[in-house]
Each structure stands twice: as C-alpha cells, then as structure tokens.
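Following are the structures in question.
The same chain A turns up in both complexes below, where it pairs with chain B and then with chain C.
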Partner chain A sequence: MSEFEKEKELKKLLEDKFGADITAVDVRRARRVWLEAAPGKLIEILEFLKTAGYDHLSTITGFDEGENLGAFYHATDTHIIATIKVKTPLASPRLPTVTGIFPSAISYERELEDLLGIEVAGLPPGRRYPLSDDFPKGQYPLRKSWKTADFQAAVKAAKTTEAK
Partner chain B sequence: MKTIDKLILWSRLKSPWILHFNSGACNGCDIEIVDALTPKYDVERFGIVLKATPRHADVLVVSGPVTLQQVPRLKRIYEQMPDPKFVLAIGACGCSGGVFNGCYSVVPGGLDQVLPVSAYIPGCPVRPEAIIDGVVKLLSSLEN
Partner chain C sequence: MSKITIPLGPQHPALKEPENFMLVLEGEQIENATINLGYNHRGMEKAAEERTFLQNLYLIERVCGICSHSHTTCYVTNVEEAAKAEVPERALAIRTLIGELERVHSHLLWIGVAGYEMGFETLFMYTWRDREQVLDCLEMLSGNRVHYSINTIGGVRRDVTAEQKVEVLKRIGNLEERTQYYIKVALEEPTIRARTANVGKLPYEVAIERGAVGPTTRASGVKRDVRKDDPYLLYDKLDFSLITHDTCDVFGRLVVRALELVESYKLIRQILNYLPEGPIAVKVPPRIAPAEVLNRYEAPRGEDIHYLKTNGTDKPERLKVRAPTLANLQSVAYMLEGGWLADVPLVIAAIDPCMSCTDRAIVYDRKTDKKQVYDWEDLRKLGIEAYKRKGVDFRKL
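Now for the complex of A and B:
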C-alpha cells in the first residue's frame, strides 16, 4: 500500500470533477488535503464534498495576507480533512455563505464578518457575534493593520460621547 | 455616634453579604473565591454569606478583566445594590486587566474604569488567604 493512498484518492476525485477550477491541490501529510478555489466555486465544491462523505464542516479559519483576506473551510469525513482556501481582495472582501449546506457554519461566518470584516453574502440578519453590541463600527480586530491603541482611543471617544 | 448608628455599623461588620460576579475571568479566581467560602477557610462562620441577588448584597466581588459586553450588565447589577455598597476587584485581571489588557473584547485598564473599587486583591489566581485579608481590611476601614 503506497503512502497517502486515501488522500491521493480524494485529490484525484476532486481534480476529475473540477479540473482547472481548483488549484494548488496538495497532499503534504497524512489525513490532510489542501486546495484553493475562487469564491464562486466554493458552494459547488462543498456540496460535492458533502455528498462524497465529507459531511462535517469542522471549522472555518479566517486569514489576512495583506492584499487579500480569506478563509479556510475544513470539511471532514472524520478521517481526512479537506481544506479549501478561498481568497477575496482587501478592498472589497466578500464571500458567499455556506449556511445553505452546513447550517452550523453561522457562528463561524459571523466571526468572519465581525473580526475580519469579510462580508458574507446571504448570511441571515442577527446581532453581533462575538464582539460586543456597542463595539465601534469599522474596526476589525483580527486584521493585521488593526492596532490596540486605535481601538482604545475609539472606546474612550465613545465613552465621552456617552457622558455628554 | 448615635446608638442606632452603632448598631447598624455593628450588624454591617458582622454580616457582610457578598455577590460574586464573573466578568470574563478564566475561572481561576472564581474557584479561589468558592474556596474561601467553603469549609476549609469557611468565612461563613464570620457572617460572610454568598447571596444570589444584588438586592441582598453589601459587597460586589468581581473577578475577571471586564468584557465590553458585560459593562452595561455589571453597572445594572451595581445599581441594584442597596447603599452603602463596596466593590472588590479580585485578581490581576480585575485590578488592571491583567494579561487581557489591550485585548479587543475587554475594557482597557480593568474594573476601576467601570465601577468605583473599594479594595484591590491582586494575584493570579488570588489565594483564599488574600481574599480574606482584603475583606478584613475593607471591614476594618469601615470600623474607623
């Protein structure tokens, strides 16, 4: 039995199905498969993975690469984790919601909106999570450009207006 | 001092009822607070009783760095307490924000930015002896 047989099987399955739509498909170690896709293809890939047995979205990880924001979607069959990387430009960050396929993704997607400022299109309205209700608007704490000092100044300013 | 005032002060010193409020603490200090209340240290024998409602409490014991979401709730609880009321800041986080100071979800600077604090009890987590010492110092300051 060759090394990473099951992982390579998944890689082939995805490459046959999506061809040029997915890039950088990579098997670097046991039980992990990485791939990259455009935001427009994300839903299709996750739907395909769900029918192929990868029916558990273990988490979504947001990231900030400077010019691009984005997220990793980790779908798993409890043996292998398929990680889909999706990038979106910093100037107008926008990703589609995956709550249609995985309803439990709602909390992860609210975190993407609150902490990284990525607009998640199609996310049902609701209160803020996980930041506080009165957190200053337009501040995204997990962005690399975010500074604690700016935030503390904003909190102070909000306090002064409240006092008035 | 009038006799009635003496009586009130005596009863206040002999039964400071406390309310414990966790505002984003890691639970370390909360365990130590419970430790101070339960049989090993047993401050209940001195009349220090943990109450379930702020309306019965004299001392608000706050652990944790005070998260932004809890600021209005903490203020509401403080306002419900009858006068005279005292606030104890428990642990490094309550005193100054601790390791969480500067984090996006907590008040910069600790509990005294939100409520008037009567006594600070540092430690990470605080030892039960330190909590008892802090309460005793608070009470003896009242006596004078």
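Now for the complex of A and C:
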C-alpha cells in the first residue's frame, strides 16, 4: 500500500476529468491536495467535487499577489481538503459566486468583496461584511497596497476637522 | 395579519455578542430571518501581516475569549509545519491536555447559558460553579484562566509536574460526578425536554448543505469531528468516541455537549497517564522559508481553519482565520425560520456563539492611590462579610 493513496486517487480523478484545465495538482502531505484552475472552470470543478463527496466548503481565503488577486476554495470530504487556487487580474478582479453549490459560502464571498475588492458575480445583494457601514468605499484593507498607517492618519485628520 | 419586521440585536440577542437578526414576523411566528454581522471586525488578518510570528501568537490568542487555545494551536501548528520543525511529543501532549480542558470549560459554560436561556437558572448556577474547577486546573497549569498562553512556537511554555497531575485528576473526578448528574437532569427533567425538544430544528441534509460544524452538526446526526477525521496533536493515539444525536434540535445539542464532556474527561485521564518524557519545546528560527500550509482544529464550537503563507521573512505573507461560529450562523437562519419569536434567544445560544469572560477584580482607591487585586477567596470573604452585616450568616445556613 503506497503512501497517500486516497490523495493520489483524488488527484487522478481530477486530472482525468479536467485534464489541461487544472494545473499544479499537488499532494503536499497527508489529507492536503492543492490545485490551480481558471475562474471559468471553478464552478464545474466544485460541482464535480461535491458529487464526489467533498460537500463541505471549509472557507474561502482571498489573496493579493501583486498583479493578481484571487482566492483559495477549501473543499473537504471532512478527511481530505482539496484547495483550488483561482486567480483574477488586479485591473478587473472578478470571480463567479459559488453560493449555488455551497450556500454557506455567502459570508466568505462577502469578505472577498469587502476586504479585497474582488467582484463576486451573482452574489445576492445585502449588507457589507465584515467592515463597518462607515468604512470608506473603495478601500480594500487586505490588498498589499493598503497600509494601516495611511488609514490611521486619515482617521486622525478627519477627527481634527470634526472638532473644529 | 400584516407582516412586521423587527431587528433583534446587535445588543446581545442571546449572549453578549454583537450580531443582528432581522426577523420578519407573521404574528408570533418567524417567516424569514436575515443575519447581519461584522460589528466586531478588528482587522486581525491585516494586523497579522505587520507582526512577527511570535507576536502574532498573542494576537491570535485574542481572536476568541474562550477558544483561545484552539486558535493558537491551529496557528502554531501552521507555523511549525511551514518551518518544518519537529515538535516534541510531550509538548503535543500538553497542548492536547489544555485543549480538552478548554473544551470542558466551554461546554460547561454553554450548558449554563442554555439553562439560563430556557429559564432554568439553577442549572446555570450549578454548571458555572463547577466550571470553576476546570478553570482552576487551567490556571494551575498555565498561570491564566482564559488566555492560557501555553503555546509557543516549537512547543509549550510550561511543563506539567507530578503534583499538578494529581490535582487535575482529583478535579476531573469531581467534575465527572457532576456531569453524570447533568446528563441525568438533561435526559429526565421534563422542563428541559419541554423547552428544548423540537426547537430550532436542523435536519441532517440541511446541516450538511449549510456547512454546519461542531456539536451543532453532530446533534443533527452528522458524524464530523476534526479530531477523528483529520487528526492533529495526539488524537490519532487516543481512544474516544464521536458523539452524535438524532433529534436535530436544541435538546440534541444539549445531549451532545453533555456526553462530549465525558469523552473529554476520558481524554484528559489518558493524556495525563501517557505524558511522554522529554523536552517541552524546540527552537524555531524566526525567519521561515516560503511555504503554504492549511490546518484545522476541532474547537469546542466546531471546525476552526487557518491558512498561512510565509515568504522568507519573520512575518506572515497572509494569514486567514475562519472561526466555527461563522460557519454555523448560516444554519441559524434556517433554525429560526418557521419557529416562534420566544425561541430565538435559545436557538441562537444553542450554536454557542463565542463570548469573553473573566472574573478577577482590581480595586483602585482614589484617596490613597492604591491598587488591590482581589482573588476568588477574597471576593468570597467580602461577600460573606457583607451579608453578615445585613444579618445573614451563611455559615449558619
């Protein structure tokens, strides 16, 4: 019995099904499988994983890599976590919603919108989350270009004006 | 009858936790519930990027006032995996021990809150009194009641001595006896059953569909527990059962937590009797080569997941934390819909949303400019004296 049998089985399953649409499929350690895909294929892959028993979306992690923004989708069958990396250009960041497959993703997707400024196409309208209502629009704290010090200075300046 | 929409919260809808529920009511019945969150956003993920790995340990400890050990353990496991550090087994055992003591304290706290929300305040007072026993264990082992700070990168900060082991075992014995009584109360007391049965229903399929975690999902019959499914620390070496219940309501959530307490006592005994000899920590270099890691932890409230990316410096490139309550809140909306307005606090409390607690008092005397710290014994003495002045002597009662 070879090591990581189930993980390799998942890798083969995904490679057979999606072929060149997925890249960098990697079994990094026991119960952790990572792969990269184009945003257009995301829904299809998650649907496939869900029917294969990966019916729990643990969370979505947004990231900023400079030229690209993006997200990791951590789907799990409770034992193995399959993490799908999806990139989207910084100039027009846009990802499809996965709430059709995982309804619980709604708060994770709102986080992508609020903290990284990635437009999630198809997300139902609703209140922003997690930033407060009076947080300035168009500022995305988790982007690398956003600096806490600048924001603190702006808040301080606003308070001085208010007092006058 | 026309429908009305009422806001519940953000000022503590059940526990002292800011969250807002917009409830559409048809008479007393809830037709639709929308959850609004974010009142407590502290920007920790951003803050983590500006701090070193060691500084972050103290930041992450403060994600939650109750699962403080859950979050730091998940975080240090990630850091150690990224740094490829070999953590000594004794350190892992101590982490597991604190983790289980934390689960006991959290579940006892929840049973009290549930008792309070169902109007059974005696249960609240009983469990919170007993919870002091486990808090004493935690204080004895770590020096702190709530933010234990036992973890450090590469191991733990304090060792467990033979005397401490005896003391912890003694208290666990007391607690086990009390817990057996709570289980009896939960199963036989008609008021509890009447108040919790068929309240806040979450069927098996919906629990999976909405991604519920922890005791909330296990009370709907879903066999999911990170300790079993994706073992971390020493859980693959320990013997314990995965508790589920099939009533899918608040009653089930009560039973699951009460029975999980017994499993935790079993685990605590196993770890204390196993404790391998050896060092309790290894040195980990401050700078960590680029890596990406993902780890989970079964917090008292359910699956906690952390993602960490390192970039060769002493600070993380990205740290993501998803606490269990966020995963469970999607199920709360379902549980509320179709239910009654009066059940709302109980249903919300049943997923055990987080809150912070501490009961040490510092008294500052303005006249003499002196500070005095009162501990539990002092406060107790003061309380007895204050009642004595009013003519009530507890010692005679």
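By our rule, the second predicted complex is superposed on the first by the 152 of 164 C-alpha atoms of A that agree within 3 Å, B and C clash if a C-alpha of one lies under 4 Å from a C-alpha of the other, contacts with A are read in each partner's own complex, and residues count from 1 in each chain.
The rule is short, and it goes like this: a residue touches a chain if its C-beta (ideal position, glycine included) is under 8 Å from a C-beta of that chain, and two chains touch if they have at least 3 such contacts.
Not measured: the values here are computed from a predicted model.
> Taking the superposition as given, does A:Asp134 touch the first partner, chain B, the second, chain C, both, or neither?
Touch status of A:Asp134: first partner only.
> Touching A:Thr61, do we find chain B (first), chain C (second), both, or neither?
second
> After superposition on the shared chain, which partner residues are touched by A:Leu35: those of chain B (first), chain C (second), both, or neither?
neither
> Touch test for A:Ser107: chain B only (first), chain C only (second), both, or neither?
After superposing on A, A:Ser107 lies in contact with chain C but is clear of chain B.
> If you count the residues of chain A that each partner touches, which comes out higher, chain B or chain C?
Between chain B and chain C, C touches the greater number of residues in chain A.
> Touching A:Leu116, do we find chain B (first), chain C (second), both, or neither?
neither
> If you stack the two complexes on chain A, which partner ends up touching A:Gln152: first (chain B), second (chain C), both, or neither?
First partner only, chain B.
> So in the superposed three-chain picture, is A:Ile81 touching just chain B, just chain C, both, or none of them (first/second/both/neither)?
It touches chain C, and chain B stays clear.
> Per the contact definition in the header, classify A:Phe72: touching chain B only (first), chain C only (second), both, or neither.
In the superposed model, A:Phe72 contacts chain C only, not chain B.
> Considering each complex separately, which residues of chain A are in contact with chain B in the first and with chain C in the second?
In the superposed arrangement, which is not itself an observed complex, chain A uses residues 130-132, 141, 146, 148 for both chain B and chain C.
> So in the complex, the part of chain A that touches chain C is made up of which residues?
Residue positions touching the partner: 28-29, 31-32, 34, 55-59, 61-64, 72, 74, 78-79, 81, 83, 102-104, 106-108, 115, 126-132, 141-142, 146, 148.
> Applying the document's contact rule, which stretches of chain B touch chain A when the two form their complex?
Going through chain B, the ones touching chain A are 67-69, 71, 102-105, 107-108.
> Which positions of chain A touch chain B when the two form their complex?
130-135, 139, 141, 146, 148, 151-152, 155
> Which of the residues in chain C end up touching chain A in this complex?
Answer in residue numbers: 34, 36-39, 41, 43, 45-47, 50, 81, 208-211, 224, 229-230, 292, 294, 296, 303, 305, 307, 309, 318, 320, 322, 326-327, 329-330.
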